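Across the two complexes that follow, subunit A remains constant while its partner is subunit B and subsequently subunit C.
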Partner chain A sequence: MSLLLLLIPLIAAGFVLVARPSNGRQIALLFTLANLALTAYVVMAFQSGGGEALAFRTPWVPNAGISFSLSLDGISLLLVVLTNLLAPIIVLSSFGRTYEHENRYYGMVLMMLGALNGVFMAEDGLLFYVFYELALIPIYFICAIWGGQDRIRVTLKFFIYTFIGSLFMLMSLIYVYLQTGDPLAGNDVIRHSFLWRDLVAVPLSPSTAWWVMLGFFVAFAVKMPIFPFHTWQPDTYTTAPTGGTMLLSGIMLKMGVYGVIRWMVPLAPEAMHTLVPTFMTLAVVGIVYASIIAVKQSDFKRLIAYSSIAHVGLIAAGVFAWNKTGVQGSLIQMFNHGINVVGLFFVADLIERRLGTRSLADMGGIAKSAPRLATLFMIIMLGAVAVPLTNGFPGEFLLLNGIWNYNAWMGAVAGLTIIFGAVYMLRAYGLAMFGEPNEATAQFADLDTRELTILGVLAFLVLVLGFFPQTILGLTDQSVNAILGAVQI
Partner chain B sequence: MNTLVPFIPFLPLIGFIINGLFGKQLSKNAVGLIGSGTLLGSLILSVACFNQIGASGPIQVNLYQFLAVDGLNVGFGFLVDQLSVWMMLIITGVGFLIHVYSVGYMHDDDGFYKFFAYLNLFVFSMLLLVMGDNFMMLFFGWEGVGLCSYLLIGFWYENRSYGEAARKAFIMNRIGDLGLLLGMFLIYQTFGSLNYAEIFAKLPLIRVEPGVITAICMLLFVGAMGKSAQIPLYTWLPDAMAGPTPVSALIHAATMVTAGVYLVARCNGLYAMSHEASEFIAIIGLTTSIVAALIGLRQNDIKKVLAYSTVSQLGLMFLALGMGAYTTAIFHVTTHAFFKALLFLAAGSVIHGMGGEQDIRNMGGLRKAMPITFWVFLIGTFAISGFPFLSGFFSKDEIFAYTYAHGGIIWWALGALSATLTAVYMSRLLYVTFFGDFRGTHEQEHHLHESPLVMTAPLMVLAVLSVVGGLLNLPHFMGLGEGEWLAHWFGGNGLNNMPVVPMNPLHLEESLEWGLMAITTVLALIVLLGSYFIYQRSKNLPVADEAQVGLSKLFAHKFYVDEIYNFLFVRSTEKLSKLLHYYVDVWALDGLVNGVGKGVQSVGAQFRKLQNGNIEYYLIGMVAGAILLVLTMFL
Partner chain C sequence: MKALLILFFTAIAVLFAGLSKNRKTLQTIALAGSILALLATGIDLMLGDTTGLNEHYATMFRFDQYALAFSAVVLIGTVLILGLSGWGFRALTDTLGDNYGLILFSLCGALCMFSFTNMVMLFLGIEILSIPMYVMAGSRRDEPESNEAALKYFLMGAFATGFLLFGIALVYGATASFDMQVIARAIAEGKHSLGMLHMGILLMLVGLSFKVSAVPFHFWAPDVYTGSPNLVTAFMSTVVKTAGFAALYRLFSSAFVDAIDFWGITVAAIAALTMTLANVTALFQTNFKRMMAYSSISHAGYLLLAVLAIGQAGSAGAMLLYTLSYSIATICAFAVYILVAEQNNNASLDAFNGLSKREPFLAAVMVISMLSLAGIPPTAGFFGKYFLFTAAFERYPWLIGLAVINSAISIYYYFKVIIAMYFVRDEASPVVVTPVGFKWVVAGGLVLIALLTLAPGSVYGLI
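Then we have the complex of A and B:
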């Protein structure tokens, strides 16, 4: 079953890229919906206790102990659900733009989705790395071909930055891999293994663990990104076509957080005591730093980009705190941040399409001409501001509580996000929607059916998950216990 | 009854959903009917709860598990005890009257349906706040009312400054909310739960450093400062008057701003354990009360005067809380809800009649054209000023009696000063608005009319309540029956069979109590009468803002607090934002990254020169490498 989740988007990508059908976008949508339906089935199977039955394992390079192993625990499942839930929304949201070589665009998006599913399900370290890098290729082309001004330079920087980061991770992975197996065994048996449970079983001395963890950290810190490794992010988010920005912010950055939970900490827990204070400090500084910068941004997309750095800093800090509350908080917030940030970028895109500008100074009074947009944008904005009974709140509460449990002062500083979040989000909303309409915004057309569907679905999720967060928390509860139990720090 | 309890908040929520989704298609009458009708339903159910609690104790209902992580187990649950049902009666009762009034007041507004939808959403949030059985539920309501306040202050969003006022209110509230949130974390850390039942059961047994309890109390109080507009987080409330007047009456006078008082009263067990926190609350409350009253002396916008008056009265409530007089604070919440809602709605009636005018310098003599509004405004003014036997007289007197008993004469004298200032600015407002000659434009004079019955009927009901509200908690020494009904009600058994608010009898000589009461009363009467001569007989009018000098200027400019905050926090954050963006983010950090990239390129350019195709070069290199390798083996 897990193999199917991976193959559907990849096959669809191949079909759209090679056959170049005249209705590529519809085919892409159809396949993402099919994968969403399959995901729903997988969730049901998982909840009826069939987690292990969903796995797929086959040797890949048996001599080197590399296997093609996919499996799903609650944590993986949550991110797979996020990926496949956002997939049709991202595809549908791209319909508003006409791209040259459209089939290539949708093919790349599908390929990306396949790789992301692979990242979240891989049970083998090398397989994880392969998918991790595979995901980078389509997003590179999406940004470099269909992006905005200065896209080549910006995308190249993004590519090199994240790619170099990943190489450090590869070194760490290979190092731990070389420590696996029984050193006294003969040459004729397979010595090493990339399997997660074998890698986790390797005991490391604190000083080697320090290097191993640092290697992972560089990769994931760039990907998320964590302060001060974030400078590629605002440019890339702003320049990329909105579909690409949604992929990056909605799903791809979760690869980094997921990597920390699944790979970085379990493989080198011996270094937690020495490195976590630094990581926590960087994450918490990043929250406040990015929030303050977001306060005066005038480009709507760039503002969301900085707010995303702040939100991810909070999520990362919750993980580094490495207690149940923090990790559960980070998981539910990864899911909900995906919904909210995709909604916000979609709003930014539809305003840009109508007005031809992303500058908040050129907006104003849109609420008068577009009441539906005003309402749905408001709901999603409130989710981003983490107002209770929207989806943003439970995660923020748990994250801050988790950080507070680690260190009360850090919890208090991180808590500033609830003030700054309100400052920059309400400012953006107010500048765009309130006030007297100007010449351009007076003609602003309200949402069409397609846009209404997208924002309606997202706003619905914001409210439902706000009232019933336990549906998500329950999904990951056992798996978080398992991973916290397996890792002794 | 238990199955019906959830409907008390959910009825207004249903009203919000219907009016929010379909209000545009419905007629205004239908919208008004749904908005007010759902509230009437909640009111009736609240009365039913009230009866049942009196007979058989508090009601607890848990709907579903909201969140469960690692020992933190929070249900979407309700607790209806003596305290919450009392708040529910105020919210739904006064709320219902204000909904009815709004049918008339908002009749010509395009956003009629939206207004009722927001108002219902507010009532839903406020009911969650007081009905929740744990701190998380309280927090839902706490932030929910802040959100509704934001939506309603910015109701006329085409006006940018209204939108700014809304944003200011939300952000200042959020500063308080952070305190409340951290307080909740500390409570969970200390008690292992967020449920009232578990926390308050553990309270007598818990062994913690006293500093922890004080820290919890202070953090919760930071939340109360934001919501209840106390120094230093009070400046949003006067700006909140940008919203439609019924909103000011319901949210920014009668209910939401008293949430902080409810919070402290709910946690009275905690506050009773921390002398430091209680004293801090009393100091903040008293200071706020006096400062706001001083500013109120020199405001000329009818709603601004009432806004500062609200801040001042809230300060008195916190003074009572700090003195350990929790019941008294809720008593004043109750009477204040009556007379302040009355005053705001009457002010709304004036604004309605004057065609939107809010400056009292352009009014005058309105008592002839608007007799009902005039009489109810007069009752409200007398009630808030402590005119004998009106509701405010009793609740204020009780606050000052406790202040004297627990704080001493200085505290009492400062409280009495604040009360006297109340009478000064309120009588000024009354006489300048309703007496003398009309000073508005010709057009306004022509337009001037008494408001329709749908608006005046709620006014008359509130006027009656403002007169008789004092009966709820008559002082024992007056010999008017049993007395202190409310204190007995709150002293009843709540959770864990403990009193909701323990009885806290005064230990003062009866003659002393009479004496204290006499002094404040005589002061109020002198002011009420004296002002009549100043503003009515001598026709003194407030001068223009530019003509203010000295202390008056300081008061008129609100002690320049807004300007100071603007300079200290707003401007500096904005500057820091740009500084961090351009110098740290773009120049330093990104510059470093780009520098590394360029460095690698230039190093690459140097290395390229090595591959020059000259075989001799390669051979030399090879030999040198081999020698190095051999050397390293020996070393």
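Then we have the complex of A and C:
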């Protein structure tokens, strides 16, 4: 079943890219919806206790201990659900723009989705790495072909940054891999293994664990991104076409957080005591730093980009705290941030399409001519601000609780995010929606059916998950206990 | 052994058939001969049959699993290149038969380099491989660059041969034998003059470094690669390079393995210099062939990691996978380059501007080749690199760190081609007519890359 989740988007991508059908966008939408239906089925199977039956395992390079193993636990499943839930929304939201070589665009999006599913399901270290990189190639093409100004330079920087980061991760993985198995066995037998449980079982000395963890951290910190590895992010988010930005912010940055939870900490827990205070500080500094910049932004898309750095900083800090509330909070917040940020970027895109500008100064008074947009945007914005009864609240509450338990001072500083978040989001909302309409915004057309569907679904999710956070927490509860229990710090 | 005989007789047949000057016939004979040789090698490899003809020249060469596997790699490379030769050699007229003959003869030399058990055979193999290459480099007699390339290649090659021969003589002096096993035993027992042996190993290393274009003995490569006819460059940077490395590995793993403490650090230094210098220089190239020349030098640096990992499980398999994926990707890249550059008379990277608009297939082939050369997952090149790095990791972690940084640098220049093809807007895209042979070859190359991606273990586990 897990194999199917991976193959559907990849086969669809191959079909759209090679056969070049005239209605590539509809086919892409169809396949993403099919995958969403399959995901729903998988969730039901999982909840009826069939987690292990969903796995797929086969040897890949048997003589080197590499296997093609996919499996689903609650944590993986949550992110797979996020990926496949956002997939049709992202595809549908791209319909508003006409792209040159449209099939290539949708083919790349599908390929990216397949790779993301693979990242979240991989149980083998090398397989994880392969999918982690495979996700990078399509997004690079999406951003560099259909992006805005200065896209070639910006995206190459993005690519090289993330690729260097993941190479360090590869070195860490290889190191741990070489320590697996029986050291006394001869050279002729296959003694190493890349399987997660074998890698986790390797005991490392604190000094080697320090290097291993650092290698992982560089890769994941670039991907998320955590201050000071974030410099590629605002430019890339701003120049990328909106579909690409949604993929990057909604799903791809979760690869980094997921990597920390699944791979970094379990593989090198021996270095937690020495390195985590530094990581924690970086994450908290990033929250405040990005929030302050976000307050000052006049470019709407850039503002969301910086807000995303602040949010992901909080999520990462929750993971580094490595206690139940922190990790649970980060998981629920990853899911909700995906929904909120995709909604915000969609609003930014539709305003840009109508007005031809992203500058908040040129907006104003849109609420008068587009009340439906104003309402739905309001709901999503409140979710991003983490107002109680929206989806942002439970996650942020748990995260701050977890960070507070780790260190009260860190918790206090990280708590500023709530205030800053309210400031920059409400400021952006006020500038865009209220005030006196100018010539352009007076004729602002309200949402059409397609846009209404997308924003309606997202706003609905914001409210539902705000009322019932237990649906997510219940899904991941056991797996979080398992992974916290498996790692002895 | 069967492959060697098949190739030799095909080469002679092609020389005679050259009188007819019929392009189609010549290409068909050469192609049929190499495919036959490939099949024979493949069958032997599958059956694990290494006896039979081997007994006749037991003291000279032995076609073991290792030799067969590398023979298959160069034969695959040659078949692909011969597939391109119909259109690729269109400028040659009266010397066409000679050219096909020379390719096949030099392949015979390569096969000897994979299978030698005696240093005399190694030397003969290298010469049989090299001398046809000197001629091939100058096969465009009307072009000054081609003549320059041939002369440079010949002078440098002769120089390297001198070093190699001197090295062989010193090793003989120290161990009193040309036979690999006897030398290995002598070194293991320590019954030799240490200074003379070490000097001999060093000189042989220098000679072979010239052949595989490792820094600091790489100076000839960019000029020779740029000046030679395109298809000959493709042959040099794939088949000749593979042959050089397979010979180097065989020599050091069977004869000099016990002296690894002595030559290990030297080879590590050469590897570090080679990959760094070549990658950094490649960043500044604007001519595609020159860029590929430096790229090929940098790959020599990575391949030296296999020599450093001698004795570790899977080092030979890693080199096999690496040379195979590297050869296929390079030949595919050259196929596209030949079409674009020769039809538009532009050898610079600008020639690729906007190629994706008019020729999506060729552009896609180029992208996959570049990604594979850069070692980006999930392409075949990644697995080659991965296995090489893993094999050498335990002994030289710092070198792997450097290799990783170099892989990151190399992205920058490989991506220049991708950027030109896909992202550069408002440029008139180049006009390209694709002959049938090219389509077959690049499609075959893509299939092979895909197979290597899906099942890298089948090649890695072969030896």
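Here is the rule we go by: the second predicted complex is superposed on the first by the 487 of 489 C-alpha atoms of A that agree within 3 Å, B and C clash if a C-alpha of one lies under 4 Å from a C-alpha of the other, contacts with A are read in each partner's own complex, and residues count from 1 in each chain.
Methods note: contacts are C-beta pairs under 8 Å (C-beta built on N, C-alpha and C of every residue); 3 or more make two chains touch, one makes a residue touch a chain.
Just so it is clear, the model here is predicted, and its values are computed rather than measured.
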item: Which of subunit B and subunit C A:Phe345 touches, first, second, both or neither; value: neither
item: First, second, both or neither for A:Ala367, with subunit B first and subunit C second; value: first
item: Which superposed partner A:Gln328 touches (first subunit B, second subunit C, both, neither); value: first
item: Touched partner set for A:Leu178, first subunit B, second subunit C, both or neither; value: second
item: Subunit B versus subunit C as contact partner of A:Tyr289, first or second or both or neither; value: first
item: Touching partner for A:Tyr258 - first (subunit B), second (subunit C), both, neither; value: neither
item: First, second, both or neither for A:Ile160, with subunit B first and subunit C second; value: both
item: Touching partner for A:Phe300 - first (subunit B), second (subunit C), both, neither; value: neither
item: Which of subunit B and subunit C A:Phe434 touches, first, second, both or neither; value: first
item: Footprint overlap on subunit A, comparing subunit B with subunit C; value: 160
item: Residues of subunit A touching subunit B in the complex; value: 157, 160-161, 228, 230-232, 234, 289, 292-297, 323-325, 328-329, 365, 367-368, 382, 387-389, 394, 397-398, 400-401, 404-405, 408, 411-412, 415-416, 418-419, 422-423, 426-427, 430, 433-436, 467-470, 473, 477
item: Subunit C - residues contacting subunit A, complex; value: 312-314, 317, 371, 376-378, 382-383, 386-387, 389-390, 393-394, 397, 400-401, 404-405, 407-408, 411-412, 415, 419, 422-424, 455-457, 460-461
item: Residue numbers on subunit A that touch subunit C, as the complex places them; value: 59-64, 66, 126, 129-130, 133-134, 137, 141, 144-145, 151-152, 156, 159-160, 163-164, 167-168, 170-171, 174-175, 177-178, 187-188
item: Footprint of subunit A on subunit B - complex, ascending; value: 64-70, 72, 76, 136, 139-140, 142-144, 147, 150, 154, 157-160, 163-164, 166-167, 170-171, 174-175, 177-178, 181-182, 185-186, 188-189, 573-574, 576-578, 580-581, 584-585, 589-590, 593-594, 597
